[in-house]
Every structure is written in C-alpha cells, then in structure tokens.
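In the two complexes that follow, chain A is the common piece, with chain B as its partner first and chain C second.
This part shows the complex of A and B:
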C-alpha cells in the first residue's frame, strides 16, 4: 500500500491511524493535498533539468561545492584543526611546546588498562542513562501539558527557560546553599521531615543532588524542543483523531510522538553528550566524592588538565570523543533502523 | 642603619643628578601627600628622590601599556586599585594589574612557559615555584638582570638586603629569581583569654600534670584539644559547644595546600635545613649532591611515605574526627577559615596570618571592647619526629617573576612597577593595609611598634629571629604545578577512610615519582632534572642517612606520644625579644 505523507516529518499508515473511512475523508483536506502537489511538481522539474541538460547540472554541482568552501573552512578551523592538534599532542609528553617528548601510544595504553578509567566510564554511563530516562519523558510530559495558545504557553516556556541562562558555575553554588542546613531553605525543609540530606558524605544523596540539579538546569531545553514540534501539528490532525475516536494515548502515540521524533532525537543526543561530560556541577558539589562515587570521566580529565599534563589530557579527550561519537552514532543508527522497520512494516 | 645611610646617599646623589623631571613630579607629590601621607620609612625628601628615579627611569617607556597579574588578596587589591593608577600617573607607563585566583595565576604562567607567548609582562607568583623556575630556566634571574639588561631600570634604593624573604627566592646557584611582594606565614592560633583563665588552668593541670600554655609538641596540642572539646565554658560566658581543634577535610583541591606547605615537616618528616630540609625536603623528595631529585618513596630514599609522614596524616585525621566541629570534615579551606573567629574554638594548629585583618575586626566574639584581640598567635607545635633545625612552618612569599619570553622593554617597564609597589616609599603604607610584611625596615618601624598590641602577636613573630624557620616550598620540587596537583586526591582518600594513611601516601609517592621519571625521561630540565635512585629497603636508606649525617626516611618510633610540653605565651614573647 502507498504511504500517505502528512508532512515532512512523520509518516502514518492508514490502518494504524484512525480507521479507513475517516482517513480517506481526512485527505480531502485541501491543505494536505497541497503538500502532495508541491512535492510532485518539484520532482517533475528536477527530472526535466537532468534530462534536458546534463552538462549544466554538473556545472551547478561543482559550483555548489565551491560555494560550500567558506563553511567548510570555518568547520575545519573550529572542528577539525583543534581535534588534529589534540590528536597530535596525545602521542607526546609535553613540558614545553619546544621540547615535546615522543612516547607513542603510551598514554592510551595506560588509560585503557587502568581500572579507574572503566569505573569512571561506568559511572558516566549510568549517570547519562538516569538523566535521559528522567529528562526525556518529563520534558515531553511538560510540553504536552503546556497550553498551545500564544501568551500563556510563552510565559510558561520563559519560566522553564530561566535555568538555562544560569551560568554553570552558579548552579552548584545555588543548590549547595539551598540545601545547606540550617542556612538553606531546602535543607531546613527536608530536615522538617526528618531527612538529613547529606550530599557531602552520602553517595546516594550526592547522586540525587546531581540528577536533580541537572534536571532543573536542562529540562527547559527538552520542553522547548518538544513544544516547538508539537506546535507545528495542524489542528486538523487532532480533529481527525477525535472524529476517529482515538484515545489520548493513541493521539500521543500516532500523532504527537511521530511528529516529535526528529526533535526528540536531537534532545536525546544533546542531553546525552552534556550529561556524559558533566564536569562543573559534579566538581563543585563534591569534587568526585564521597569516596569517588561521583568521579565521572570528565573529572579525571579535569585533573590531568589542572596538572598541566597535556599529553595524557589529549589522549583522554580523544578516547572520550570516540566514546561519545560511537554512542551518538549507535543512537542514530538504532533510530534509523527502527524507522525503516516501521516503514517497511507499513509498506507491506 | 647602614642600609639607611646607603639609601639616603643614593637618593641624594639621584636628586643632584636628575633635576629635569618635574613634569610628572606634580603627580608624585600629590600621591605622596594624599596617599602615603607620612606613612613611610623614608623621609619626605627621600620619598621625592625615589619618585624622581621612577620618573626618569620610565622616560623611554612613556605611553607603554603593560599587564601584570597577581592573586586576589588584600595587599594586591591595594596595589591594583591604588598603587597602579598612581604609578601610571607618575611615570606615564599604563599598568593594568589583574587580580585572579592563585591557581589561575599559575595557569597563565604555565601557559606562557609552555607556549613561549607573552601573556603578562610581570607575575606575582608564589616562591613555591622556585625549583620549577630554576630548573626550566624560563624566568629571568634577577641577579643577572639587575647587573645587565635591567641595570638602568633598577632603583638604587631598592635595597634587596632589606627584604626578609630573599632566601626563599634564591636558587641553589646563588641567584635571585624572584622579588618578594607579600608574605604571610602559618602559625598556631589560640584563645589567650581561655588559656589564662584560672579555672581552666587548674583543671588542666589537675588532669594532665603540666601547665596549660602554648603547646610545644603535638602531644600537648592533643591534650589541650581533648581538654577543651565539649568543656563547659559558661563561666567565661561562652555559649554552645566548644572544640579543641579546627581543620577541614572535604576532598577538594584546597585539601592539599597545608600538606605541601609544611604539615609533614612540622610532624618531623624530612631532613634538617633552612629554608628547607636537605637532602629530603618537606614533600619527601630527596635530591643528590647536584640538587637533582632522586626519589620520593622510601625505597628510593624519599620520605613521602615514611613513618613520620604516616604519623602526620594520621594525627590530622584523628584530630579532625575527635576534636573539631562535626561540619569541619565537610569543609573546604575557604569555609573553615572564618570559624575560629566565631568564638567556639580553643586552638588551631595551622592558621594563616593572612586571616589577621579579618580576625581583628571590631565586634567579633574573639575581640575585646578596647580593640585588642582575645586570641594570640604563636609558633606551631611540632610532632614526635621533629628535631631541632627542621622546618617548623610555612611562609607564603608572593614574588615578582619576570619571564624570559617577555620582551626586554616590557620586562623593564614591569620591573619598574614591581620595584615601585615594593619600594621603601610605599611599603609601610601597603603593609599597614595588607599586613603581609616583606621588608625589615617596615617590620621595625615605630608605626608597627605602636600597632603591635592590636595584632595578636604578628609583629612579635616577624621581629623574632625564629621567623626564618617558616619557609615556602623549596628547590627540591622540580615541577610544582604537576606535583602539587597530586596531593589533594591522595590525602582526600585518607581523610575519607577510603585508604589508610599508609596506602594513600604509598600511592602519593608513586604518583610523584611518576612525574619525576617523566621529567628524567624527557630530559627537559637538563643537568638540573631528576635522576632516579635505585630501589633499596628502608633499613638501607635509614643507614645511608645515618652515615651521611641526615635522618630521613624515618623508622617508626616506639612512642609517638612523648610527654606533653607547654610554654607560657608571655615567656615565649620575651624569648623572642
């Protein structure tokens, strides 16, 4: 069966949607039809150009590459060059830049054979997993609750965005003084319920604090992203769902979630990378303690940098970069495979 | 007196020789009249002569903009806000004096050292880095500088001999590498009023069999800590629980400071020697006859993990747990600093005199109504392993440092500014603000004789011959930034109980040796760099030490708690005079 394209983001099969009758009626909606029309026109015109004038098309392609040059050079300057420099440093023991001492892969071997590295890696992964499993559903949930109309929704969004503007250094200081007992309001509040919140010596409490702090700081981002994609869903989709008698859960599953998927992917990646490399908050709250319970990968890197050990720090950076890259890539691949599977299932 | 005469002669000669610089003299006169206002060890004519030197020497640099940097403490704030603008007005050299954290100063310096790019034209850098500067040879040695490129811009009235901290900034090659700008020490801090209370005195004597007083050894400190912790002090009007010790134990970069400063040598780790133990210093690092570092662990002849070091760390942990406020274990340096001034702490072993100004503020619970303090400072007691001639405490000497990678003319202009803010004209006034003394002439001035009773013993300490036993990190440490970074993590592991003190120190010395080995392998410090010793057991090194007339590394003493010993504060002060 043919797929019906609702918009540029999500695709729906009719059976999975609201039932065949209403679905067909749905496509009588002029706005949606125009989408089809535009697409088919584009395709035809492309075809015409390619067939009638192959040379011209080649010229266009190569000139397009030239036009990319400024962007590519900026990218090379800010992205590739520093990475290459760091990659180069990671094979040296550096005391001054003039006197670098070649040591080959020693730093890599040392880091990858230390149990401390794997312990920190495990902590970082667990932390990111917790962060994602809390922040993504919570962000979606809050975005769904927000009113879609102009002013009220915007006011809520602005409120949620406020923590995003707080400098990273300030966040841990704020939370630590908030939870101080007897000086902090939060600390006194918890004490009233007999909770002795001891983030300095209780590992569980330190973790709770870090997760809460990170969620407070970044939930706004997830909400804004989700909200932005939700607000692009035309009311007609909801109307169609309502006419089909779809439950709230079905609306979410088949209208809203597909619409949000691209943006959620971005939120997931952004939040993964940031939480995986959390430094300032974890360092300022307990410097990796108690008893190394919050020593994440980035804290080990921070120590190397603070000691001006540029070689080992560079090697660590490269290793961490590869980890982030591998995980981000597998996220993407898994999502793509799933999408393809869904598509395939629907096409069958 | 000799210096004064020399100085006067030099200034008078200058006055005769240079009669043409009156264009900027107006700014200088304004500064002398409004800011210095007579608070100087120099007479008015001498001050003017010194100003005239700066005006003339700065002529070639007029209009130049230079940048210097220092850590954020009161003394430097005064320099940055008051002295730098005055210097600019007087000389025409525009100075930006940046204030950043001490760690950031080291980072900027390190970046300049590693890249060779000029970031600042002058640094006020702790003299703890003397071993680093001497070995990497990236810093201008001032002895040669003052005789060579810097000759024309060196103040004839500088009087290097008047500085009290030059032994800390002189390398084993006999050259001066840094010029002190501010100094403070760590001392023992205690409640003079509690110690002089008759009831406390008699109760203490009845319990411990000796007089309550300034502890001479750690045994007495421990007894006094135990005596005061939880003691009912309501007869002196003290409310709340009282503690016999104050310290901090949170795993944080500041946790390492005290240990690299002096704690280990106070316990008796390392060898005898001034300003630092030789051949083994207070970091436990051994050097050979050529001042090349040879090891840090006991098996290479070092002392970082010997019995004295274990004793030092064990005692700190015991006292933190048993005699300090419970919050102290979760505090950092900054959080713990103000606690004694709140009035419930009897004594503190390791108290920085940099806190003096904040602890003599009127209205504090530790101040009398007449403006005199209820507390005093005295030399810190020493541990069971300590022997006469060992380092007894730390002295921080923030010192002017000129890099070789700074262009000569910029270094010359920065050198003029450095001499201006440490000149005899301004030093008394600057010290009056910041209480971080660097000049003998200032310490001995009538002004501080008059102010002494308001400062809890600070002046008495600086006037005593004993002050040279307080010293910064010395020349055994070949790369301060890399090595200092290793301490807080390892000490933190011991403090949290994750490792025993022995395990933590074993790991610390191994980490230190790794840095030494890297330096040796890279050969970056040439003849001055580390040459690691072969490994032997403790008995071998202990015998080796005995044969060579030294003591470190140490074998565990059978009795680490000898009889407590105290001295009356007033007797102590008299012995200093």
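This part shows the complex of A and C:
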C-alpha cells in the first residue's frame, strides 16, 4: 500500500497537475484521472487515498505525532480518561465511591433485558429519523434557493444562525411560550384554525412541538454548511452544465451534490448525534411525558444520574456510546462505498 | 412561447420569495415572542400590573449579582475554550494535512468518535475527575471539557483550509530558512485566517449554549448564563426574566455572527 501511494504521488507530481491543489479540487484534470484508472486495481477503499495523495507530503514521519500531541492529550484527559472510568464503574455496584462490589455484567444484562430500554431506543431512533429527514432536505433546499452573492444571502445566513446562539435550556421556554401558550403568537395562530394545541397531554402535539423546535434551532447549521460549500463552486461549472443542456435536477445531481457531499456528511453526523441524544430540550418541554411518549434514551440516563445510581448509569452510558459509535461507523462506511461507486462510475 | 416561459419564471420567483418569507417568519416569530415577553412584567408585582410593558426584567438582571456575573463567567470560559481549541487544533490539522504517517487514516475516525460521544455519557466521570484536580466551579473546567466536542470540529475545518494552501509554499519557506513555527505564524496563519474565523464561530456556537457539562461542573459558583437561567426555573417561573436573560445572552452571539458573516458566505469545503 505504501509503495503504491508513493508511486502514485511521484507520477502525479505537482508539475504534471498544475501545482495548486485547489485546481485539482475544482477541476478533475484528465491526465490525473487516467493515472487513477490504470492504478485503480486496488481495493476500492484505497481510492480515496490515491485521490488525496497529490496534496500531501509523501514523507513518512513520526514528527507528525508530535504536532498531534497537544490535541490528543487534551482529548485523552477530557475524553478517554472519563470513558475508561465509566467503563470500570459499569461492572460495580456502587454505594459510595469508596465501597463498591464487583458484580460483573449484571447491569448490562438488566438494562438490555428491560423493555423500557428498547422502547426508549425506538423513540430516539424515530425522533432522529424524523429530524434528519426534515432538516437535511430542507437545509439543502434553502441553501440552494438563497442568492449566492450579495447582501440578501448573507442576511439570510445571519438570521438563520441566530437560533444556534440561544441557550439550549431556554429554547424550550421560547417555544412553549410561543406555541404552547394560547396567548403566544403561534398559539393564537393555531387557535385561529381551530386547533386546540395541547402539548402537555397530547403525545402527538408534544412530538410536533419537539420536531418544530429542533428544526427551528438547528436548520441554520445545515444551511450554513451547505451554503458555504455551494459558494465554492466556480461559475464555470454551471456554464459548462448549461452548454451541455443539463436540467436543474442534473445540475444538482452532478455539479452541486458532489461538492456538498463531505459537508453533508458532517451535517448528518452532527444532526444525528445531537438529536439522538437530545436531553435538555426534551426534558424541559414535558419531562418525557405524556405517559413516557417522549422519554428518549438520554432522559433515562439523566434520571439514573440524578438518583446517584452510579453503576447502572455507567453501564447505560457505555451502551449508549456503543450504539452511537456503531451507527456513526455504518454511516461512514455506507457513504464511503457510495462515493467509491460514483467515482468508479465516472472513471468508466 | 417566450411569454409562457417568462410567466412561469415569474411564478417561480414568486414561489421562491413566498417560501423564503415563510422561512423568515418561522425563524423570527419565536424571537419576536421572546422580545415581547422580556419587556413584559410576567409576575404580579406591586405597582406594575401583570402583563404590562415594563423594563423590570432588565433592572432585575442588573440587580442580581448571580445573573450579571454569569455573563462574565460565560464570556471567560468561551474565550478560554476557543483559544485552547484553536491552539491545539492548528498543529494537529497541519500534521493531518501535510504528513503521511502510520495511522493517519484512523485519526479522522478517532476524532469523529470524540465528537459524537454524548455529553450525558461523560458527565459522571468528568465531575469526579475534575473534582479531584480542582477544576469544579471554575471557568477553566468548562472550557477544557468543551474541548471534547470542539477540537474534532476545529481539526476537521482547519485541515480543509490548510489543505487548500499549496504545499509548495511550505517547501519554499523551508528552503528560505524558515523554521516550522515561524513559517506557521508568518505565512500560513494569514492565509488561513478566515478558516480560523470559521472555526472560532463553530467553537463559540457549541460552547456558548451548552448545558449538560456546564451544569455538573458549576455546583456552587462560577455559573455561566445557561446555569443562571436554570436557577430561575421553579415553582413560579418568571418567564419574562428568563426571556430577558436569553435576549442578553444573544448579544455576544450576534456580535460573533456579524464578525464572521463574510467568511461563512465566502465558503469552505470540508474533507470527507
């Protein structure tokens, strides 16, 4: 593998590919592509490496790890160390931190055999699915509609970024007094249409309130990410597409979507993770009610931490971490496979 | 033919305008509600009728050392967090962008793993750990723990900005006798200034509004805005005061958005 990378880098020296890597990123230089073609007999996952190799120094060096050291040591202190601690706790029955008893995997078995856990998991998965299927398409759509330059687009971006700056524990208060309160603007609007909005006792209404609130809160992030990658597409690409007689849909599919793919991946991951583990917002709106209809995974964990059940809380944390990790990993694998397929299709 | 197409174009523009207008309404109406409530006296008080226009909420903020002090606490810890994050993320992003080393493909996965670690999962051990080293109730503690989700994002964004700078620039500078740190500060940093700005924006955004870590790490003192607001919730919540506090907490956010507006609109592409 190493040899292959080095070899490819040598063939694709800067002098052949016109130097600045920006150029590569914007235009697929035919000469480079032919090299990929001849060398793409490797495993598919290696292609991404081949693609990025011309921008990188080919020196194998351990000094890179010295540059990574500050970041990794901070992460080790605030990330790895707590995770290890909690992993350790999850095998103990803990009264106080000094007196604890080894009980093996009992907490895990207890949690994984309770129907409550699977119900909460299902609710969290459904919530994330709804959030992603609304916010990602809507965010892309808004980003596409915004004017690409000038003051209007920028004003829109600034406005959409505003909800991101609202403290998470007042977002629910804002929405409850806006939509949940009959005297609020949203509540009055709904009353005009004869809707009796009752977020406290009607499960459907609680869900609608949560989804609307989360969309309001986070749509700006998706739009900002998409917009910023769209504005790096040079006008020449649109002109070329117009000359080829591409439809609007084709322009989106073959010019805009490829440019956005990485940013969309980031938006997907961020939105998935934050909606899947939604805590403050859901808790403040209805504390998991009515009748547990909005009890998500994190609310169960919050309850356990509040009751100082260290052992079960630790086991639960590890289970959640594993679920999130597994889903993120499969996201990435699917995205990589699909990207490799499209790359392969284009090369053929 | 011509007329038909121009007519459909006109319809399209109208539809787009209407849609964007709805987006504006959807985004701004809750804020409007918030502003109205923050200038309303929402609890029965002597001399002010409930529901009457009043600046009592803002006067209450100024009068309460907890509330006004929390603004300072928030600004201190967010600034610390942004500075720490960018300082450690810059060299890391440079290493990932420029060097090929054993395990480099896994670094990104590792970073993603940190970003997606649910804060609720880490609360318990972080509290115990920070209590041991005396970081509870201090802004530094919150600033450090927020690094767990901000450093991965920062490296992700900065790496794509550094990769957009031609590698030849590094090589020329080194041939000219620049050391790596000097090259970094004198030549590379000015080129990726907008990347640093975008990164700071994202770090600020995720740190300023965070609640879960901020709560467990501020038991008795050093409460940031989010936690000061938490103390307002109770049996009879003064919703007007909560909204006034929210309005105040938006001001630094607005300033950050204003400073960063050009960089965001100019665009960036992250690496997958």
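Of note:
Going forward, the second predicted complex is superposed on the first by the 281 of 348 C-alpha atoms of A that agree within 3 Å, B and C clash if a C-alpha of one lies under 4 Å from a C-alpha of the other, contacts with A are read in each partner's own complex, and residues count from 1 in each chain.
Going forward, contacts are C-beta pairs under 8 Å (C-beta built on N, C-alpha and C of every residue); 3 or more make two chains touch, one makes a residue touch a chain.
All values reported here derive from a predicted model rather than from experimental measurement.
Of the two partner chains, chain B is the only one that A:292 touches; chain C does not reach it.
Shared-chain residue A:113: touches no atom of chain B or chain C. More residues of chain A lie in touch with C than with the remaining chain of the pair chain B and chain C. Once the two complexes are laid over each other on the shared chain, residue contacts for A:332 go to chain C alone; chain B is not touched. When both complexes are overlaid on chain A, the residue A:247 reaches neither chain B nor chain C.
After overlaying the two complexes on the shared chain, residue contacts for A:94 are found with chain B alone; chain C is out of touch. The intersection of chain A residues touching chain B with those touching chain C, taken from the two complexes, comprises 97, 310.
Across the interface of their complex, chain A is touched by residues 103, 107, 110, 113-116, 136, 138, 250-253, 329-330, 479, 481-482, 485-486, 489, 492, 496-498, 518-519, 521-524 of chain B. Note for the complex: chain A touches chain C at residues 5, 14, 19-22, 25, 48-49, 52-53, 55-65, 67-68, 70-72, 74-75, 77-79, 81-83, 85-86, 89, 97, 142, 145-146, 149, 153-154, 156-170, 173-175, 177-178, 184-186, 216, 220, 224, 227-232, 259, 261-263, 265-266, 269-270, 273, 276-277, 279-280, 298, 301-302, 305, 310, 313-314, 317-318, 320-321, 324-325, 328-329, 332, 335, 339.
Chain contact summary for the complex, chain A toward chain B: residues 93-99, 101, 200-201, 286-292, 303, 306-310.
For chain C in complex with chain A, the touching residues are 16, 19-20, 23-24, 26-34, 37, 84, 87-89, 91-92, 94-102, 104-105, 107, 109, 112-126, 128-129, 144-145, 147-148, 151-152, 155-156, 163-164, 166-168, 170, 198, 205, 208-212, 225-226, 229-230, 239, 242-243, 245-246, 249-250, 253-254, 256-258, 261-262, 264-272.
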